[in-house]
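The structure follows.
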Amino acid sequence: MIKVGIVGGTGYTGVELLRILALHPEVQLTAITSRKEDGVKVADMYPSLRGKVDLAFSAPDKANLTECDVVFFATPHGVAMAQAQELLAAGVKVIDLAADFRLKDVAQFEKWYGIPHTCHDVLEEAVYGLPELNRAAIRNARVIGNPGCYPTTMQIGYAPLLRAGLIEADSLIADCKSGVSGAGRKAEIGILFSEASDTMKAYGVSAHRHTPETVEQLQKLTTEPVSLQFTPHLIPMIRGMHSTLYARLKTDISNEALQQLFEDAYKDEEFIDVMPFGSHPETRSVRASNMLRLALHRPGNGKNVIVLVVQDNLVKGASGQAVQCMNLMFGLPEQTGLQHVPVLP
Amino acid sequence: MIKVGIVGGTGYTGVELLRILALHPEVQLTAITSRKEDGVKVADMYPSLRGKVDLAFSAPDKANLTECDVVFFATPHGVAMAQAQELLAAGVKVIDLAADFRLKDVAQFEKWYGIPHTCHDVLEEAVYGLPELNRAAIRNARVIGNPGCYPTTMQIGYAPLLRAGLIEADSLIADCKSGVSGAGRKAEIGILFSEASDTMKAYGVSAHRHTPETVEQLQKLTTEPVSLQFTPHLIPMIRGMHSTLYARLKTDISNEALQQLFEDAYKDEEFIDVMPFGSHPETRSVRASNMLRLALHRPGNGKNVIVLVVQDNLVKGASGQAVQCMNLMFGLPEQTGLQHVPVLP
Amino acid sequence: MIKVGIVGGTGYTGVELLRILALHPEVQLTAITSRKEDGVKVADMYPSLRGKVDLAFSAPDKANLTECDVVFFATPHGVAMAQAQELLAAGVKVIDLAADFRLKDVAQFEKWYGIPHTCHDVLEEAVYGLPELNRAAIRNARVIGNPGCYPTTMQIGYAPLLRAGLIEADSLIADCKSGVSGAGRKAEIGILFSEASDTMKAYGVSAHRHTPETVEQLQKLTTEPVSLQFTPHLIPMIRGMHSTLYARLKTDISNEALQQLFEDAYKDEEFIDVMPFGSHPETRSVRASNMLRLALHRPGNGKNVIVLVVQDNLVKGASGQAVQCMNLMFGLPEQTGLQHVPVLP
Amino acid sequence: MIKVGIVGGTGYTGVELLRILALHPEVQLTAITSRKEDGVKVADMYPSLRGKVDLAFSAPDKANLTECDVVFFATPHGVAMAQAQELLAAGVKVIDLAADFRLKDVAQFEKWYGIPHTCHDVLEEAVYGLPELNRAAIRNARVIGNPGCYPTTMQIGYAPLLRAGLIEADSLIADCKSGVSGAGRKAEIGILFSEASDTMKAYGVSAHRHTPETVEQLQKLTTEPVSLQFTPHLIPMIRGMHSTLYARLKTDISNEALQQLFEDAYKDEEFIDVMPFGSHPETRSVRASNMLRLALHRPGNGKNVIVLVVQDNLVKGASGQAVQCMNLMFGLPEQTGLQHVPVLP
């Protein structure tokens, strides 16, 4: 059994890790830390876990994380970088669900996250945790920077087109929509029920942290300079992310060939579902599962190709992907503990 | 492996059966019928099942249901009674999620459902499928009348009090609230998103079919005549049921003793969670799981005892309970295939 | 024109006052205070008011409230009692939307609100602001304690029955449901969208502040001792309140006579709509309006009479009712500025 | 007083017309037709109108529409074209909220709406009812084709840029999001609460009727060929539309100049609110009002200019705009009866 520790388990990615790991056949939940909730039983904070998770939160110092095989950081940006070195030295693998190990470019990290990066050598070693594009490296990684939710959809959607050199890399437009859980479990007016339901809005249109992360990764797939307009929106649903990805074809190609390109790219992927050409995936079709579904459109057989991508922002967009990485790092079948059927309705 | 057939799998209880049974380790989905959708792949109608369920709907006559070990009827009232006899004769067990085999009193059935009951002998044999109150009979049953969603919460909540003779049986008030999925997957104006969201209402206040069903069952638990005021409400949520059960104590009793009464009554139950006295269970704490949670209140230590009960109306209130019955009928551990962790948030 | 000041206009009752008063033909908005938002334009905080309200928030000390004709307190409990005396001395009328002047029984106030009442003489003078039951006194009042949202529905629903001596006053059960805006505009985890949508729960079942307020008022209508079980629930909708009121008839009476009793009681009321016997009012049927709708039920012509009451908790349940009181206090037609058509869908 | 008739008042644009016209100071509601609801009181179907609208639906033949001054068609496509001629001959003005008189290009109409256009001469005379771009013609019109909801946002958002020749007209991308009420009040599975809440999806991505309408209108503003990618999405909210409009600048221009361009274009418009540069308008900021708000973005001061536009799809996107046209046609101040303050929260 893999001894698992979770740092900062009180947020949504934390409780989602618990939901998944509680039934993971190869995992033994060993420790979960929260300074604020020290001593509180996890199931008292999250009644959904009553009878499923028997752990109590413990203060970081009491948690003996060094006895774990792997530690997930479901924490604000900046926490993992402070503790990673000690854990790695003790032979503990690290998976950070925040941004500390996502951006290789330290200057970019410090510009967008507003804190100094204090852990350059671990950052150098860290592996970007998107299995479908980076599986081999993840298998051998000691430390993972788990991708952001939006970047996951954009990379899965654009990758086959960029790799094949079919689209203008310098004029990508990603119009993305996220459920409110993506904003986390914070006491903020803007995400109150009475503020965020029965309404919607865009946010961070002029600048968003997920742009540099996505561009850094997409640039690996093409020699042409990548330029991306990423526009996030807040949608009145709890879970779910829908990315509408626009690209302009450089060369003519049949819709059949486009569809084939994506089916070939993802034919061996457990968690990527290429739907029939012209489909309209719904976010609920992946609710509470690690699936990502996508479909291609080519209006009027013109220059625009549109990729519609849906995922559950808390699963494939966060905690499920992190467990998928863990499975790879420990030589388990990739889908272990991740075969939930989406909850619909 | 248990060969399972589903009649009428296009509604919410049908797709929920598929969500549960697709991962049930002892089940082989054999047939699913729908006259209207004959030939359509289940996963084309419910993309959430892509890669999980490979069956196509078939017309009833083509379905060879007699080769199944058990057939679930996720159909409108009146369908199961027309086919049960033939299936039983062929050695197939029957579980009806509709009302055909719930009410022993034929006159009551015909009054409340407006159709003649055409299958009296099967009705006589049928067992009411509420495991926590009727487990032994279910184990030996060939045909099950699966309880209504509301009646499940009312029986679990009132049973310990009635059995102990603690409350006035003739003045029960059950104020119940249901998510919209309880109304089924029908093209009706009243349950459109734009009609049923951001609003609520009561319905069927003067008379509702679940009253006679509940009274018939509760009456088994006490010699005093049971009288129940059941008031259902439609709440803008997809899944979830919250019953607020009022009863008046006949004899004084300490809150500790009340709590103990419920903890003793359900201490061996996998799917009943008696929360600490004075808790306020949320419907989301059981979302997409077979758990039912309840908590006791005794305002001002007065005559009123209040039982708060929550369940997922599609799982413990319908399809999950039906699978729980199936497990008992086939000698499997009761929780087989039903150990989902509730989805929160 | 009536010069109006608002103290603490940043919450939902505050912005709702602004929505109503911005188009009130006899009102001139003169000052709105907020220590925290001093200098911020109201329309910058609430873009819905752009072009409709030109005021900026000002710190209380700068606001010259003594130049107003009336001041509304849309503040936490305890604020109005600290400022009422000075305003009254300056000839300014006071309408408090919080609880400072609701409960005549000081001991009860201090028990339930946990703060000492520092303004007994004003409390003595204060008038309970429920026009339908207290119109004459409101007309001559200098200071109003505006009713709580739940108490409004319970009093309007029970009053005709209690006055007529038709029901057992000592066994009232009010099962009430409120939209989330009733919890106010506070940065609290429990009312985040991801916590409060697609789910529901009861709260404060064992004890709630609105019970003593309601009992104190209901007791004025009958010589028999009133006992009330009030059970509030949180529902995933922004606005709207639905109260399901149970009472037991002492004497037999026809349903026609019951209906007539209510129609007579409210026949001259602009804002009370007695619907046909057996109706099921929806909260959306009064959304964003000052209407309160109710309907009677008598299941099985038995001892239980049920009154279903709906209102918009922010309008008839708070700010609209306060403006209705203001109209009375200044001799205006009661419906002035309050004739909005409910927003449906 | 203007005598107003409404044909087909049972849908959402119909009830929204009633909500607005019931308080319109210059309007007398004279007739409302519905074959199916003949004789039913409007307020019985829409309790929100109890006490506000006293009319009953009448069958078309009984309605004496020819005695009205103006008739609104809140009907499916194809109805208005069948009755317009007779009404015009009788001196009755016609405002069609459907598509019969939107597209001047008959071939386009017949291609996209799948029915023959039977009323060419009226179509020729018809005026496109977008006051901000077509006010003079509307003033003198006898028949109005009221714009579609999406096209309204796209035209208001792109018009200043196209007129000034600042953007590449052949690469417009409009990513639009609509509340579910935009789908109308039809008994369809896809828009049930349990199907459309807590989820989202795109639809009609490859082809949508609002594209030709929008292009036909935008083409009037520029000599360059307009090419538009319009992508609609269904969002779990009742009302509200958010359009995210992308365009590429041909010439460099300062953000200040861009902002000035829009402020100048709409400085005299009652119902267009140009928010500060870089704002993120919310749909709720216009809920239940005729306002349209927009804001400009220029990420990284690059080639992309983004216009965020919000409106209430049932008001400025439909019924409010129709009343705005009526006011112009009858020489009334444009904002008469349309000054609602948006409902927030």
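Residue numbering begins at 1 within each chain, and the chains themselves are lettered A, B, C and D in the order written.
Operating definition for what follows: a contact is a pair of C-beta atoms (placed from the backbone, for glycine too) under 8 Å apart; a residue touches a chain by one contact, two chains touch by 3 or more.
Since we're looking at a predicted model, the values are computed, not measured.
Counting C-beta pairs in contact across A-D and across A-B gives the higher total for A-D. Judged by shared residue numbers over all numbers used at their interface, subunit B and subunit C contact each other through mostly the same positions, with over half in common. Inter-chain centre distance (subunit A to subunit C, centres taken as mean C-alpha positions): 46 Å.
With centres set at the average Cα position, the gap from subunit A to subunit D is 39 Å. Averaging C-alpha coordinates per chain places the centre of subunit A 37 Å away from that of subunit B. The set of subunit D residues that touch two or more partner chains comprises 12, 181, 185, 194-195, 197-198, 236, 238-239, 281-282, 284, 287, 345. The part of subunit C that touches subunit A in the complex is made up of residues 12, 179-181, 183, 185, 187-189, 191-198, 236, 238.
Those residues of subunit C that touch subunit D in the shared complex are 12, 15, 18-19, 22-23, 46-52, 181, 185, 197-198, 238-239, 273, 275, 281-282, 284-289, 291, 293, 314, 339, 341-345. Residues 171, 173, 175, 177, 194-195, 197-203, 205-207, 227, 229, 231, 233, 235-240, 242, 244, 246, 248, 278, 280-284, 287, 297-300, 302, 304, 306, 308, 310, 345 of subunit D are the ones touching subunit A in the complex.
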